[in-house]
Every structure is written in structure tokens, then in C-alpha cells.
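The same chain A turns up in both complexes below, where it pairs with chain B and then with chain C.
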Partner chain A sequence: MTQTPAHERIAKDVAENDVVLFMKGTPAAPQCGFSATVVQVLNHVGVGYKSVNVLESVELRQGIKEFSSWPTIPQLYVKGEFIGGCDIVREMFQTGELATVLKDKGVKSA
Partner chain B sequence: MAMDAEEIERMIKAALPDARVTIEDLAGDGDHYSARIVSSAFKGKSRVQQHQMVYRALDGRMGNELHALALQTSAD
Partner chain C sequence: MTVAQTMRRKLEAEFAPLELTITDESHRHAGHAGARAGGESHFHVAMVAPVFAGLGRVERQRRVHAALAEELAGPVHALALALRAPGEGQ
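Then we have the complex of A and B:
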């Protein structure tokens, strides 16, 4: 994979923050229902996270798809590991698996 | 900016020949689907890997022509 400035920014974000959500819009004003769902899940779980609005730049929006080999947004990272998009995060939340992953990785949640 | 359900099913089955595919057009607009896919090829793969296999089968359509495809995958 060719490194672009967008890839470098993404790599830095996922390295420096325990939980990172790449989404369309912001947690307060999501611009897509799938992003809104993941925001709701994270708020419900009570975990702090950094959100990145991919609508801010075309390079970022394209870059995150390449970085994760994943064609859609939102995308959730925990401790540098790609967890999944909306479907997977919702399913993991429903089964309790998400709480387990956060706990196992040592991420504090309420 | 739309794909019909048969085309989605055809592309998935081309890549995963034994797949059982059930597709639902969620909004009736040819742009928001859900798909349940069962294939032995998913055995031993994580959910992320299973979904990536489906996205690869769709050869770049996902996220472009196809805005939303809610996926549920399993090995059996």
C-alpha cells in the first residue's frame, strides 16, 4: 500500500487514541444513519472516543477505505485494531462482545 | 447509483459458489439492501474477514454504486 498523507494521519490517529470512530459528520450531528448508529452504541457503552469526520476531506474519505480495506464508513478502531463497520459493531454490541473487546484491550468504559 | 438485487447475488455467487444468498431491498430504491450470506468459505474467518470477502466479490461496487448493503454472514 502506498503511503499518502491521509494514511499517515489515520495511522497516527489510531495509534494515539484508544478508540477512534471514522464517521460522516460529528457525534452531535451525524450525516448518515449508519454513523449515527455507531455513535449511539459508543455512547450507550459509555466509552470515550475520538471521532474523525471523513467528510472534511476527499483524501481522508478515500484514505480510510484503503487503509482498512473496507469500502464503507463508519469504521471503528480500538487500540489500533479495525473492529468493523456499522453492522459488525451493532452485532457485537447486541451480543455483549463489544464490551468484552473493550475490557480485554484495557479500555475504560462507564 | 443503483444495483439490482440479482446482480448483487450473481457477483457474490461468482466468488463464493456454494453461498446461499438472501437479499432484501430495504427502501425499495435499489440502493439500500440487506444480505444474509451463508458459505463454507467463511469457516474460520473473523467477521471483518467475512465481510471483506463479500466486498471483494462485489469488486469495488460497494461504497460506490451501492450505498448500503447491511451484511450478515455465517459459515453454516
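Then we have the complex of A and C:
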């Protein structure tokens, strides 16, 4: 994979923040139902997170897909690990696994 | 052949699923980015296949993304997936 400025920015965000959500729009104004769902889950779980609006640039939107080898958005990272998109985050929330992962990785609630 | 029919053919060939339901949910996203006239842009795929046993959630979805790479690079804007191995709960 060729390293681009977008990849570098993504790698930095993921390294420097415990929980990072790459989404369309912002938590206050999601531009996509799937992104909105993950925002709701994270708010419900009560964890702090950094959100990155991939609609800011084509490079970022394409870059996150390449970075994760994952074709869709949203994408959630916890402590540098790719967790999944909307389906996976919602399933893990419903089964309680998401709370367990956050706890096991030592992520503090907001 | 419609996009849904093409996806079904590819998924059946790749995963030999016991259950496969492909739902076009494009109407729920009408008018927003990525939606196309005529639908077939947003899909939900529910599939039960033995090959998923022992694989984690991310790996299961990666397998499906790989099988449908052409569609995801083209007409399919969103793909919601519910992937189970036989005997797993809903």
C-alpha cells in the first residue's frame, strides 16, 4: 500500500486517540443513517471518541477505505484496532461485547 | 441481470449458503448521497453459510466484500451484512 498524506493522517488519528470513528458528517449532524447509528451506540455506551468526517476530502474518504481494506463507512477503531462498521458495532453493542472490548482495552467512559 | 441477481449468483457460488436473503433497501435512502434512480444502490444481505463457522465478524464481512468487490466498486453504495454460521442465533 502506498503511503499517502491521508493515510498518514489516519494512522496518526488512530494512534493518538483511544476511540476513533470515521463517519460521514459529524456526531451532531450525521450525513448517513449508518454513521448515525454508530454515533448513537457510542453515545449510549458513554465513551468519548474522536470523530473524523470523511466527507471533508476525497483523499480521506478513499484513504480510510484503503487503510482498513474495508469498502464502506462508518469505521470504528479502538486502541488502534479496527473493530468494524455499522453492522458489527451494532451487533457487538447488542450482545454486550462492545462494552467488554472497551473495558478490556482500558478505555475510560466519558 | 439485475445487481441483486448478480450478487446472488456470486454469493451462491462462493459460499454455498443454506439461507440467503438479499433485500434492496435503496428506497429508504432515496434522495441522499449514493442513491441512484431505479434503486439497487443500498442492499441488506442475510446469509447463513458453514464457511463462517470459526471466523470473527470482521473476517466474515471481508470474505463477502471480496466476493462482491466489483459491485462495491460500482453500483452498490451500501451493503449491510448479517452473516451467520449454521446453529448461531439471530
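Assume the second predicted complex is superposed on the first by the 109 of 110 C-alpha atoms of A that agree within 3 Å, B and C clash if a C-alpha of one lies under 4 Å from a C-alpha of the other, contacts with A are read in each partner's own complex, and residues count from 1 in each chain.
The criterion applied here is as follows: contacts are C-beta pairs under 8 Å (C-beta built on N, C-alpha and C of every residue); 3 or more make two chains touch, one makes a residue touch a chain.
Remember, it's a predicted structure, so these values are computed and weren't measured experimentally.
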According to the contact criterion defined above, which of chain B and chain C contacts more residues of chain A? C
Going by the contact rule set out at the top, does A:Q31 touch chain B (first), chain C (second), both, or neither? second
Which of chain B and chain C A:G84 touches, first, second, both or neither: both
When the two structures are overlaid on chain A, which partner does A:P74 contact: first (chain B), second (chain C), both, or neither? neither
Common interface positions of chain A, toward chain B and toward chain C: 34, 69-72, 82-88, 91
Which stretch or stretches of chain A touch chain C in the complex? 24, 31-34, 69-72, 82-88, 91-92
Residue ranges of chain B in contact with chain A within the complex: 47-48, 51-52, 55, 60, 62-64, 68, 70-72
Interfacial residue positions of chain A with respect to chain B in the complex: 34, 65, 69-72, 82-88, 91
Chain A-facing residues of chain C, complex: 28-29, 32-33, 57-58, 61-62, 65, 69, 72-73, 78-82
